[in-house]
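Below: the structure, in structure tokens.
Naming follows writing order (A, B, C and D), and every chain is counted from residue 1.
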Amino acid sequence: MIYRRATPIEFNHCDPAGIVFYPRYFEMTNSVVENFFREVAGQSYAAMMEAGQGVPTARLETEFHAPSRLGEVLEWWLRVTRLGGSSVGFTVEAWCGASHRVTAKLVLVWVEAGGRPKPWPEAIRARIAAFQEADDA
Amino acid sequence: MIYRRATPIEFNHCDPAGIVFYPRYFEMTNSVVENFFREVAGQSYAAMMEAGQGVPTARLETEFHAPSRLGEVLEWWLRVTRLGGSSVGFTVEAWCGASHRVTAKLVLVWVEAGGRPKPWPEAIRARIAAFQEADDA
Amino acid sequence: MIYRRATPIEFNHCDPAGIVFYPRYFEMTNSVVENFFREVAGQSYAAMMEAGQGVPTARLETEFHAPSRLGEVLEWWLRVTRLGGSSVGFTVEAWCGASHRVTAKLVLVWVEAGGRPKPWPEAIRARIAAFQEADDA
Amino acid sequence: MIYRRATPIEFNHCDPAGIVFYPRYFEMTNSVVENFFREVAGQSYAAMMEAGQGVPTARLETEFHAPSRLGEVLEWWLRVTRLGGSSVGFTVEAWCGASHRVTAKLVLVWVEAGGRPKPWPEAIRARIAAFQEADDA
């Protein structure tokens, strides 16, 4: 299944060349993943922080296919590509209409007190697995 | 009249104390103002950039009344307080429910080629004036 | 006395108009103040975080006198203007050679566990007071 | 040869878990690369912008080996791994003492008016090649 978010490109995202500055794309990928955890996995980052939990990013591969410009709206797509015992792989893409802008492959790790990797809590893992397996209607 | 925007507080906005880092509030005030220009004044920042125009901020007074936390949603209100020949004053407030978080008073200046202050284009000035004078329904 | 820091204007600070985006100036004022606390007041932000302390900004007045451009180096000056029981006032200015770019007046509050304002610890207050009273050599 | 820069981890870089927020690492990699172009390749980003040139990032692979904390100083190392006709590959690493924090492999492309890839200007290419081939003294 695909999780979707739209991000309007605002002044704040753009560099002196008038295109999105690449670190700002990662603020966007982080936001997409953050909203996925809240809406799909059932655990918000606020709840994680209070419980001493987190999902730091361990690995990231990104291709920037074409630049994005002020005033455009990016459509972000997130797919779960691999659900491990204490990690998850996402592929996140950004599109503007038919123009493919960014592909990012991320691996995140579930950590608990002290930042140590731990097995996923069962409820969170079940929700991510159900999302991964569901067909798009 | 009041222009409104909502901003969910995401991970990206928060500091090690778990509250919004104050420079991030100004990314938000900038976004509120940017959307006001596009939706109300009828000139997007993208159109301004192409035409060599802009609305740099000349002056800013801010009070931070109470901290904002990860997971909250801020309601931003913008009012036009003064419309000059080549400048505009805004008061922008952020609320979370009944909790008042931020008051910012900004003065922006209309500039054209080379960053020089110029009188407002008539169409933009008329739309800001109409907004300022309209009652909230 | 004056506390000084230099900030090269890098790509990351600049907007599509090729000048410093104003929220980035506040990342700079925050950095100047953060280094002042570490070097002059004798308490780093890292030490504060561990101890549940902090110095949130309560109030901020800023004038942007002239734009700053990619490749310039800003000289930041910080003066203590008022040392209260649990607060401190700073005037922070940015210059590029003889060109005055920004004046920011900030009020920060000393807080402890739970974010509650508290009287300054004596050692910190004494160091800030000594700095405020010292003549520039 | 290795190009080096140090980055103190400041408040601005850190997230509510008290560690560097990963998009901020990319502000740092961008800054390292930007300074490399100015100091080693002999063309600053300011000069590029004026000439309608740029070096957008086309591809990025990153591993986050261990978290970085407020108050630490990161040592960044940049090596040229491949110099193509209109592109360059860098490996950029961040260390804190003997602790390896980040490895990023970047591919950047030389572009001119309109953002089209072009062969490197000879002077810039020669300086990057000389750096790549030089031994560390």
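Brief remarks follow.
By definition in this document, contacts are C-beta pairs under 8 Å (C-beta built on N, C-alpha and C of every residue); 3 or more make two chains touch, one makes a residue touch a chain.
What you see is a predicted model, and the numbers here were worked out from it, not measured in a lab.
Touching chain C and chain D together: A, B.
For chain B, the chain with the farthest CA centroid is D. Among the pairs B-C and B-D, the greater number of C-beta contacts is found at B-C.
Averaged C-alpha coordinates put the centre of chain A at 28 Å from the centre of chain B. Computed centre separation for the pair chain B/chain D is 34 angstrom, with centres defined by C-alpha atoms. With each centre defined as the average position of its C-alpha atoms, the distance from chain B to chain C rounds to 24 Å. Shown for chain A are the residues that touch two or more other chains, namely 11-12, 16-18, 21, 23, 27, 30, 45, 49, 70. In the complex of the two chains, the chain A residues touching chain C come out as 11-12, 14-18, 21, 23, 70.
Residues 10-12, 18, 27, 30-31, 34, 44-47, 49, 69-71 of chain D are the ones touching chain C in the complex. Residue ranges on chain B touching chain C, taken from their complex, read 16-17, 19, 21-24, 26-27, 30, 45, 49, 54, 56-64, 67, 115.
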